[in-house]
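Take a look at the structures listed below.
Paired with chain B in one complex and with chain C in the other, chain A is shared by the two complexes that follow.
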Partner chain A sequence: MRHVTAILRRDLANYFLSPTAYLILLAFQAIAWLNFWELVDILTRRQVAFSTLNDPMNTYISGSFAFWIAIMVAIPALTMRLLAEERRSGTIESLLTAPVTETEVVLAKWLAGVFMYLALLLPFAIYLPFLRNLGRFDFELGPLISLAIGLTTLGMMFTSIGVFFSAVTKNQIVAAVSTFAVLFLLMLVTMMAYSYAAERRLAWAEPLRFVAVFYQVHAFGTGRLDPRFLVLHLSACIFMLYLSVKVLESRRDQ
Partner chain B sequence: MNFLARTEVWIVFLGLAAFLVLYWVIRGAPIGQSAELENDDEAPAKGYRDRVIAGVVVGLLLVAAGAYAALARGILWSLPLFGIGFGTVLTLVAINRRYRHGSPSLRRAVEFSQSALNGALLAGVLIVVNVVAFRYGGQTFDLTRERAFSLSSQSIAALRSLERPVTLTIFFGQGASARPRVDRVRQLVELYHDANPGRIEVRDIDPFRDLGKYEELLKAVPEVALAQGGGLVVEYGEGEGARRAVLRTADLFELPAAPRNEDELNRYQTIFKGEDAVTAALLRLREGRRWKVAFVLGHGESPLSEISPQRAGLGLWRSRLEAIGAEVVEVNLVRQDVPDDVEIAVVAGPRTKFAADEAARLKRFSDRKKPLLVLLGTQDDVGLADFLKGFNLALGKGVVVDPRFNSRGVISFVYAAIESRPRQAIALPLAGRRVLTPNASPITILGSSSPGGKGETPNPAIIVEPVVRTSGESWVETDLKTPRAVFDAGRDVKGPAIVAVAAYEIPASEAGPNVQPIPRLVLISSSPFLENAFLEVEPTNLDLLNNAVGWLRGRPESGGIAPKSHTALTLSADPTLRARLILVPTVLSFILILGLGATTYLARRA
Partner chain C sequence: MIEVDRLTKRYGLITAVDRVTFAVGRGEIVGLLGPNGAGKSTTMRILTTYLPPTSGRARLAGFDVLDNPLEVRRHVGYLPENVPLYGEMRVREYLRFRARLKDVPRSRRSVAIDDVVERCRLEEVEDRIIGQLSRGFRQRVGLAESMLHDPDILILDEPTSGLDPLQVREVRSLLRELGDRHTLLLSTHTMSEVEAVCGRVIIIASGRIALDDRLERLKTDPTVVIEARGPAEAVRTALASEPTIASARILAREDGYVTLEVKARDGVDAREAASARIVQNGWGLLRLEQRRATLEDRFVQAVSAAALAAENDSPAGSEPAPDDAELEAV
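Entry: the complex of A and B
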């Protein structure tokens, strides 16, 4: 595993030394700005909620439609080049002929993707100290910690899906579109299917709700840190990384 | 049509399709077309290769079928399929590994099947981990301040002891605030369902959409019609024998008074008593009958019928007792004994002396091993000193005062802490919280090291444990005539002082580690402790009283559950502050990103 750090460093350098990183960060900053503006607007109206469930802070980030769309676009954009670009340019050959294993390559690429994803969340976090200190607004920290943990494990899962599709094809567009399709399925299709099933009180409504990412993140946002969701995210992540390693191994044999 | 509607038909179709695709992928050509030529001397015959590939594909599909059987029918059904599937593939892989150099198609089959089996094993392990997490890891980490996603130990104990199915039916109400209230109630009942999914069923009825179901509910529980703001029906049992209770959402929430200043305008504090009400209703319905609590009256006690916090009365606690299934009766010891069917007798702050006869009647009740809750705090003798002595207890002289923990600057209205590491169930759910003990006297435990306790010979069968103590800054003021109390080291006794205790009996004949102690007495040395006015100011007093009653009855789970308080905050920001709040971090962030980007660009260009 000693080569992981070297590959990770190289990938992060590639990312942060390119203008793409700053453009994506600027886009996320703009979304965070609008999101926070909306939050301040809601918070200044008189609050008469009966429990933490209806606290507007719970829907900061997790309830933002723009945030989810941005994530569904940004993660494929970040991960599509991780392995597909190496294959397209042929650098994967030199990488795999070096004394590194496929597992090390996949882990390093995945970690690079996760770090990039976490960097995208920073613009949302930057407003909170200002709200607490400048606005003297004593919001609850617990739900935000829970949300941060949930978004991190979710990002790990999403990135592993991106890494897998990046390993499968050398065409970056195909990798990005495939990743987007799966994220779309996990995010919106499960949510819509749950709404449909719940409205008709179908038996599979509850299992659907459990796998619907939107509801998982909503639960995290309300301060309910459910270890089952964390296990689910990490399991999916491990499985996708395993498949990515196997795909790379089969490529090496070819 | 019926044929196609069967799941098995679709599974067979899917299996066939999967077989054809996998066979094609591994063989390199579909059925009916010739595969690539393998001229190597080591390569086996074409027919043999095709049979091996078909066998590997069948084995892999049997593994997949095993996974389906495990999900649909159970683990046992899946074992033969897994056994045959894994066995076939592993055998074929072992036999044909020797052809991997001579036959590309068999090499592909071996590698593919090895990867598939490893993947299946990993998936199996991950599925097992998820199933275990789902089954045993249902306990969520509740990171909210109000503990919105947690149930108290009393509720969990009550839910585990359910013997019959329970249906919790939520019905919506009208009005702007009805919906968020119902949402809160729904979230609560989901916690009940999660705690015992086998016994608790949750139903939602929207009176404006589910008209038929609402009519049925009205027919079964006519009181629902009175709950205009929505509510919850707790149904214990099923069918004709079911017992039901209606809880109105309006009764489950305490709303704040109209705001008096800007600070109150920005803090909307509500109290949710839902868990207490639902658990109490469940316990009441489970017991089926009402249990009797007798208030010993006739010595100047406040009236039980008065519920206004502005007037002296004990009505608030009385109604709370009735809500958890008690039948409250009054007993005058001058005229009668405490009836046999009374479970607990309450001495609720007498102001005049008990006659010897009355004290003897009280003792007779206690000698029948019936428990008592006694609230005494007066400095005058009420004639119960000997009675208390039988429980190794005595009330000290003076009033406990505390210059720091008091109510509104009245130093004799002391906020005293419930033991933080209690041993009995009275204090356990409330550990560390404070109760308001107005004009309390210090309690002396005879035979203990507490002040005044040494030198007395205690009753060895009775064990006394402190439940509530005042702070270390308190003291027992003995000079009650001085308008401004000051600690006098010569006369006053330094705190902390014990102001509530629980006494239980260890039967001498049953000594041993598993002996069950018999709850005998709870003494609170503050007469007004249970007055409406103080219960209104400090609801923890009510919780402690309920817990005391639950413990005395031998049903600690029926004690009060602390309500959950939520404060909805409004951001107080004028337009300038709002602009600063939004713009300062945004501009800083944009400058930082652009600065980093520009620096990187320039550095790379250089």
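Entry: the complex of A and C
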């Protein structure tokens, strides 16, 4: 496992050699700023109580439409390059003929993606101390921590999906589009299918609600750190990474 | 150092490498020669554990490629075809990255990098971005990288392809120097490269070994061409009766002059005996020339023989059945 840090460092540095990473970071910074502005706007309105469903602290991050769209675009953009580029340029051959295992390579690539993902969430966090200290708004810390943990495991799963599609193809565009399709499925299609099923009281409404990422994150945001969701995210993540290792081991394109 | 036993690699129905067997000893420089698509790269990829063989065994530095791939990789330096490098990194940065991957101990890393930079003459470009380097420099960066961990064995896939003549010369002299410290297996499809660098050549054609011999033995050819003044038949019989000569054949005769092709027995130089025989008989010896086989001749011979053998080996394709409808119409 000692090679993981070496590969990870190279990949992280590599992100900042192309404009993509800067653009995505900038976009998230902008979204965070807009959402925070909206949050402050809501909080300054005179309102007696917030229902749990539209708790402004929850809508600040996970209730924002722009945030989800940005995640769906950012994850494929950040993960598409990781392995597909190594395969296209042939550097995968020198990487896998060094005394490095496929597992180390996949883990390092995945970690690079996860770190970048966490860096995207950081702008949302940096506003909160200002809200507390300058705005004198005493929000609860518990739900935010729960949300942070949930978003982290969710990001781990999303990144592993991106790593997997990056491993199966030499073409970055194919990798990005496939990843986007799966994220779209997990986020929007499940949500819409659930509301369709719930309206008609169909039996598969509940299982759908369970896998619908949007409702999972909503639950985290309201402070319910449901371990079932964490286990779901982490096991899906491990499974996708395992598949990626197997794809690399098979040397498919040869 | 390298032991390969009946190594076979199939891709579906295509057999890329077919029961290849050879061994390379410590300190040897061996050239793997063959036309494009002969299986050179596949063989090398198997030896460097990048691809698993379909069957057969390969051991490098005492480690099996399937049982102990990580140990093999620790003892082998590999320069893949087309030299894949990270174009966005700087030369020294890249070498440092690779040194970490190759488990060069932290304390020795700078020394090891300095060493390969010096040996591959990369001093002037060590802080430049790899993507902006010329082909020749990139090749040298690849070479430097392959010997970073001071491996026992270096496997180089076409180390001089795509270089200009001057760069080719530089890389070749570098390769000859490497022979002192490493066992070298390099592939190429240029004959002159093998002649310039290698001590031994293995010719691969259609996935099989067509020839495996030391270079100096390949270069000597027992044929001598003799031009003499004298009766053609008498000269021929006289030469043929010489014990060191295997056969004599008349190439041309022209009023009193004769040109013969004489083949000596294996490993014998027949020139002295032949000239003595002619002079003793009172004929005039006008020309006596040892024919030099070029490696190219041997290469073409070996490759066409292998292609023929492969053709005979494969099951005969069935004749296309005549089209019934067409027959009826006629």
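Heads up, the rule we're going with is that the second predicted complex is superposed on the first by the 244 of 254 C-alpha atoms of A that agree within 3 Å, B and C clash if a C-alpha of one lies under 4 Å from a C-alpha of the other, contacts with A are read in each partner's own complex, and residues count from 1 in each chain.
Note that a residue touches a chain if its C-beta (ideal position, glycine included) is under 8 Å from a C-beta of that chain, and two chains touch if they have at least 3 such contacts.
As the structure is a computational prediction, the values presented were derived from the model and not from experiment.
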{"item": "Chain touching more of chain A, residue-wise (chain B, chain C)", "value": "B"}
{"item": "First (chain B), second (chain C), both or neither touched by A:L131", "value": "first"}
{"item": "Contacts of A:R251 with chain B and chain C, given as first, second, both or neither", "value": "second"}
{"item": "Partner chain(s) touched by A:S94 [first = chain B, second = chain C, both, neither]", "value": "second"}
{"item": "First (chain B), second (chain C), both or neither touched by A:G223", "value": "first"}
{"item": "Contacts on chain A seen with chain B and repeated with chain C across the two complexes", "value": "17"}
{"item": "Residue numbers on chain A that touch chain B, as the complex places them", "value": "16-17, 19, 21-22, 25-26, 29, 32-33, 36-37, 40, 43-55, 123, 126-127, 130-131, 134-140, 142-143, 145-146, 222-228, 231-232, 235, 238-239, 242-243, 246, 249-250, 253"}
{"item": "Complex contact set, residues of chain A against chain C", "value": "2-3, 6-7, 10, 14, 17, 89-101, 251, 254"}
{"item": "Residue numbers on chain C that touch chain A, as the complex places them", "value": "11, 45, 48-52, 70, 73-74, 76, 78, 80, 82, 84-89, 97-98, 100-103, 145"}
{"item": "In the complex with chain A, residue positions of chain B that touch it", "value": "111, 115, 118-119, 122-123, 126-127, 129-130, 133-134, 137-146, 148-149, 177, 180-181, 183-184, 187, 253, 265, 268, 270, 272, 564, 566, 568-573, 577-578, 580-582, 584-586, 588-590, 593-594, 596-597, 600-601, 604"}
